[in-house]
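Shared between the two complexes below is subunit A, which pairs with subunit B and subunit C, respectively.
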Partner chain A sequence: MFSFCVDPASLDDLAWMACYLTTGKHMAIYTSVFTVLLLLAITAPTALAFGFLGASSARSHFAPLSWFGKAYIAVVRGVPDIAFFLFFVIALDQLFEWIRHEVKCPDWTDSIWQGNDFVVCDIAKLPLGNSPQWVHETYGFMLAVLTFAIVFGAFAANVLYGAMRAVPHNQLETAESYGMTRRQVFWRILVPQMWVFALPGLSNLWMVLIKATPLLFLLGVEDIVYWARELGGAKTARFTDYPHGDWRMWYFLALLVFYLLFTRISEIVLDKVMRKLTHGQATLAGDAQRKAA
Partner chain B sequence: MSCWETVADYGLRSIGIGERLLPREGYTLCQQFTLIGSGMIWNIYFGVLALCSGFFLATAVALGKASKNPVLRKASAWFIFLFRGSPLFIQFFFAYFLFLSLKPISPIFDPFTSAWLGALIVLFLNTAAYSGEIFYGALQSVPRGDIEAADAYGMSGWSRFKRVTWPTMLRLAWPAYTNEAIFLFHATTLVYFSGFPAWQQRGDALYYASFFADKTFNPFIPYPILAFYFILLTLCIISLFGLINRRLNRHLPQEARTKMKLKLNIIR
Partner chain C sequence: MKFILLGTAALVITASVAFAGSHSVVRMGTEGAYPPYNFINDSGEVDGFERELGDELCARAELTCEWVTNEWDSIIPNLVSGNYDTIIAGMSITDERDEVIDFTQNYTQPDPSTYLALDGTDVDFDGGVIAAQANTIQAAFIAASGATLVEFATPDETIAAVRSGEADAVLADDAYLRPIAEENADLVVLDKQELIGGGVGMGVRESDTELKDKFNAAIQSMKDDGTLNALLAKWEIGPGF
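This part shows the complex of A and B:
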C-alpha cells in the first residue's frame, strides 16, 4: 500500500510490518470485522422482533399459538446452540430450494430425496448456478443472519416473556377496569413498561450475541476466524513477498483482544443506558440513585 | 447386518475400539444412533473432568476476588474477565495454536495439541472463570447473621470457612451452578470444530452428527438424534444436581430452601 513497499525483502522490521499489515489480504480481514459488525447490526433488531413475536404468542389465549410460542422458547433449552446453527443453515437452505422447486417445476415427478442426495430442478437452485460470486456470498450471509435471528429470537422471547410477567399486575387490572380491551392493555400499558425489566436480560443477550459471532465461521461465511487462519499460516517465499512462520497464534491473540475490548466497551455503554433508564424508577437501583444525589 | 452388530462395531468407535472405518453407505438409523451416542463419550469426558477440576479453581478464584489483598483481587478479576469476556471458540483456537507453537520447544507439549488434554485445559479454565463469578456472587450474599453466629461460637479462620461460609456459599450458588454445568456440557461440542483435530475420526457427538449430515445431505435425522442425547444428558445433570441441592439444603425448613430454577441456554 505504501510507496516504499516495492521490495519487502530489503525493508527493516518496522517498515516491513507496516507493509505486511496493509496487503490486499489484510484489507480483507479488516473488512470482515465490518461483516461481524454488520451481522450484529442486522441480527439484534431481527432477533428482538422474533423474540417479541415469540413472547406475545406464548402469552396468547389462543391455545395452539401459545403452544407454538412456548415450544419455540423451550426448544432451545437442553440442546447445544451450535447444533442449531449447523442444523438451520442446511435446513433453511433446503426449505427455500424446496419451495422454489414446488413453485417453478410443478411437473417434476422424481423425489427430491434421491438416495443420499438432495436434488431440485436447476432453475430452483438458490442461488442460481450461474450467478456471480457475490450473490453466493450474500446468500450465505443472509442464511447466517436468519439462523442467528431464529436462535437468538428464542433467547429474547424468553427474556421478554419474563419481563411481561414482571410488569405489576395491578397496572393491567387498572387498565382493564378503565374499560380497555385486551389489545389496548397490551399495547398501551404492558409494552411501554416492560423494557425496564427486560433490559438486564437483553444486555446480557447482547454480550452473548457478540461472543457468538465467531460461529459465523462454521456457517461458511469468510469471517475474521477464517481470515485469521488463512493469513496466520506459514508462508514460504515462493508464494508471497512476505514470508513468515506459523503466526496463527498471534492472529488469534489479536482476535481475543478484539473481543475483550468489544465486550468491555459494550459493558460501559450498557451500564450508562441502565443508569438512564432506572433514573426515577421505583426500584432498588432507582432508590439508590436518589439517595446518592 | 443387524443393529446389535452395529452397536458392537461402532458403540465405542469414538475411543478407538471396534470397527476402524466409518460407514460408507446406507447410513441406517441404527448406525446414526450408535455413532452419535458413541461420540457422547467425549462430551461426557470433557464435561465431567472440566467440571470436577474447575470446581476447586473456581472456589479459589471466588475467594481471591473477594479477598482484601489488592494483588489477588485484581488477578482474579482479570482472570474472570479474560475468560468470560471472550468467545470460547476463539479461546480454543488460540490455545491450540499456542500449544502448536510450543511443540518444537519441548516434547512435553506433544499431548497438549491433542483434544483430550489441550481442549480439557481450556474448558477447565473457562468453567473455573464462569463458576468463579457465580461463587463470588454467592459469597457476597452469605447472610451476615451466619458469620456472626459462627463468631459467637468461637469459630474463626479455616474452621469458620469450612463449616459456615463455604457450605452457605455453595447452597446459594447451587441453582446457578447447575445451569453452568449444563452449558459446560453444551460447550464441549465446540471442541472438534475449533482447530483441535479429531484423530482417526474419533470425535464427539456433534462431530459424528455433522459427518452424517454432510454425507446424507439430510440434517433432519442426525441433529434431532443429537438433540435427543443432549436432552437426556441435561435431564441426568438436573436430577444429579437436584440431589446435591437437597443435601445442601437439608438443615433448612421447607420454605427457606433454595429452589432449583433453570435458566435458558447460553453460548459462551
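This part shows the complex of A and C:
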C-alpha cells in the first residue's frame, strides 16, 4: 500500500509492520468487521420483529394462529443452532431455487434430483451462475440474516410472550371495562408496558447474538474469525512477502478485545434504555425512581 | 412471519430475468489454505499451482471462470447443491468421493504423502498419535493403520498440533510439508513415505458431463504439449507426466 513496501524483507520492524498490516489480505479482515456489524444491525431488528409476530400469534385467540406461533417457538428453540445453520440454509436456498424453477421452466422434464445432484434450469439458479461474485456474497449474507432472524426470533418470541404475561392483568381488565376493544388494549396498554419485562431477556439474546456471529462462516460468509485464522496461520517465505510463524494467538487476542469492547458498549447502552423504560412503571425499580426524583 | 417469508420468496423470484446460457461463467471452488496447490496471497486473492492451472484450463476450454473459496469440510456438499461448478482444491481421486461426484482425469501424479515431525522425535507409526486434515486420503489411511488419528479442519492446525506435542507427526502431501520443513529448523520431513490416492483431479457434478468433457480435453492438451509438466516443476509438485 505504501510506496516503501516494494521489498518487505529489507525493512525494519516498524515499517515492515506498517506494510504487513495494510496488505490486501488485511484489508479483507477490516472489511469483515463491518460485515459483522452490518449483520448485527440488520438481524437484531428483524429478529425482534419475528419475535413480536411469534409472541402475538402465540397468544392469539384464533386457534390455528396460536398453534403456529407456539410451534415456531418450540421447534426452532429445540433444534441445535449448528444443525439449523448447516441444514436449514442449504434447504432454504434449494427451496427458493425450486420455486423459481417451477415458475420459470415449466417445460423442464428432468427430475431436479439427479442422484446426489440438485439440478435446476440455469435461469432458475440463485444467484444466476454468471452474476459477479459480490452478488453471490450478498445473497449468502441475506440468507445468513434470514437464518439468524428466524433462530433468534424464536427466542425473542419466548421472551416477549413471557413479558406480555407479566403485565399486571388488572390493568388489562381495567382498560376493557373502560370500553376498549381487544386491539386497543393490546396496542395501548399491553405493548407499552411489556418492554420493561422483556428487556433483561432481550439484552441476554443480544449478547448471545454478538457471540454467535462466527457461525457466519458456516454460511459461507467470510467473517473476522475466518480471516483471523487465515492471517494468523504460519506463512512460509515461498508463498508470501511477509513470512511469519504461528501468530493466531495475537489475532485471536485482537478479536477478544474487539468482542469485549463491543459487549461493554452494549451494556452501557442497554442500561440507559432500561432506565428510560422503567420510568413511570409500576415495578420496584420504577417506584424507586419515582421516590428518588 | 408468513408474510415476510412469502415476500422474500416473491422478491427472489422476480429478482432477475436475464438469460444465462449453459455455464457462461464457471465457478471454481477451492480451499485457499493448502500451498503450493492453492492459497490466498498477500493481496487477498486465490493463488498457487491450481490457480495458474485453472486459469490456463479455462482459457483453453474457452470458459469464463471465477474463483470461490469454501471450507474444506463442506466443499463437496456445496458443489452438489450447485453453489459452484468445480472443485479444484488438491483433491485426490478416491473411490469414496467418486461415488458422490465425478472427477476429471488426474493433473498430478499420485503425490507421495510424507510425515512431518519435530526434529529428534522417534515416531511410532503403529501406535503413536498422527495428525491429518479431516476428510483427506491421509486421514483415511491413518484410521486404517494402527496409529491413533487426530483430525483438524485446516492443514495449518495439523502443523500446530505437531508443534504443541498433541500429535507425534502429521501425514500430508509431500509438496505441502516440504517447504514448511525447509523454513523451520525444528521440523523435519521423515524418510518414510506412503503412496496413497490416484493423483489429484478436478471434481464436477455427476450430471455435468459437458463440463467434465471440456476440462478433460483441456487437461489432455496441457499434458500433450508439456505445459502441465512445466507448471508442476515450477510449483515443485511431485513428478511430471
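By our rule, the second predicted complex is superposed on the first by the 280 of 293 C-alpha atoms of A that agree within 3 Å, B and C clash if a C-alpha of one lies under 4 Å from a C-alpha of the other, contacts with A are read in each partner's own complex, and residues count from 1 in each chain.
Here, contacts are C-beta pairs under 8 Å (C-beta built on N, C-alpha and C of every residue); 3 or more make two chains touch, one makes a residue touch a chain.
Values in this document were obtained by computation on a predicted structure and should not be read as measured data.
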item	value
Simultaneous placement of subunit C and subunit B on subunit A, clash or fit	clash
Which superposed partner A:246 touches (first subunit B, second subunit C, both, neither)	both
Subunit B versus subunit C as contact partner of A:130, first or second or both or neither	second
First, second, both or neither for A:213, with subunit B first and subunit C second	first
Subunit B versus subunit C as contact partner of A:21, first or second or both or neither	neither
First (subunit B), second (subunit C), both or neither touched by A:264	first
Which superposed partner A:33 touches (first subunit B, second subunit C, both, neither)	neither
Contacts of A:54 with subunit B and subunit C, given as first, second, both or neither	second
Superposed model, subunit A: greater residue contact from subunit B or subunit C	C
A:225 touches, of subunit B and subunit C: first, second, both or neither?	first
Superposed model, subunit B segment overlapping subunit C, candidates 80-88, 98-106 or 134-142	98-106
Shared subunit A surface residues [contacts with subunit B and with subunit C]	86, 90, 94, 116-118, 217-218, 229, 246, 248
Footprint of subunit B on subunit A - complex, ascending	73, 76-83, 86-87, 90-91, 94, 113, 116-118, 154-155, 158, 204, 208, 210-215, 217-218, 225, 228-229, 232, 246, 248-249, 252-253, 255-256, 259-260, 263-264
Of subunit C, residues touching subunit A in the complex	1, 4, 8-9, 12-13, 15-25, 27, 32-33, 35-36, 39-45, 47-48, 64, 66, 68-71, 74, 77-78, 80-83, 85, 100-101, 154, 156, 159-160, 163, 179-180, 182-183, 205-208
Contact footprint of subunit A on subunit B as seen in their complex	25, 27, 81-82, 85-91, 93-94, 97-98, 100-101, 182, 186-187, 189-190, 193, 206, 209-210, 213, 215-220, 223, 226-227, 230-231, 234-235, 262, 264-268
Contact set on subunit A toward subunit C in their complex	23-25, 27-28, 49-50, 53-54, 57, 72, 86, 90, 93-94, 96-97, 99-100, 103, 114-120, 122-123, 125-133, 136, 146, 153, 217-218, 220, 222, 229-230, 233-234, 236-243, 246, 248
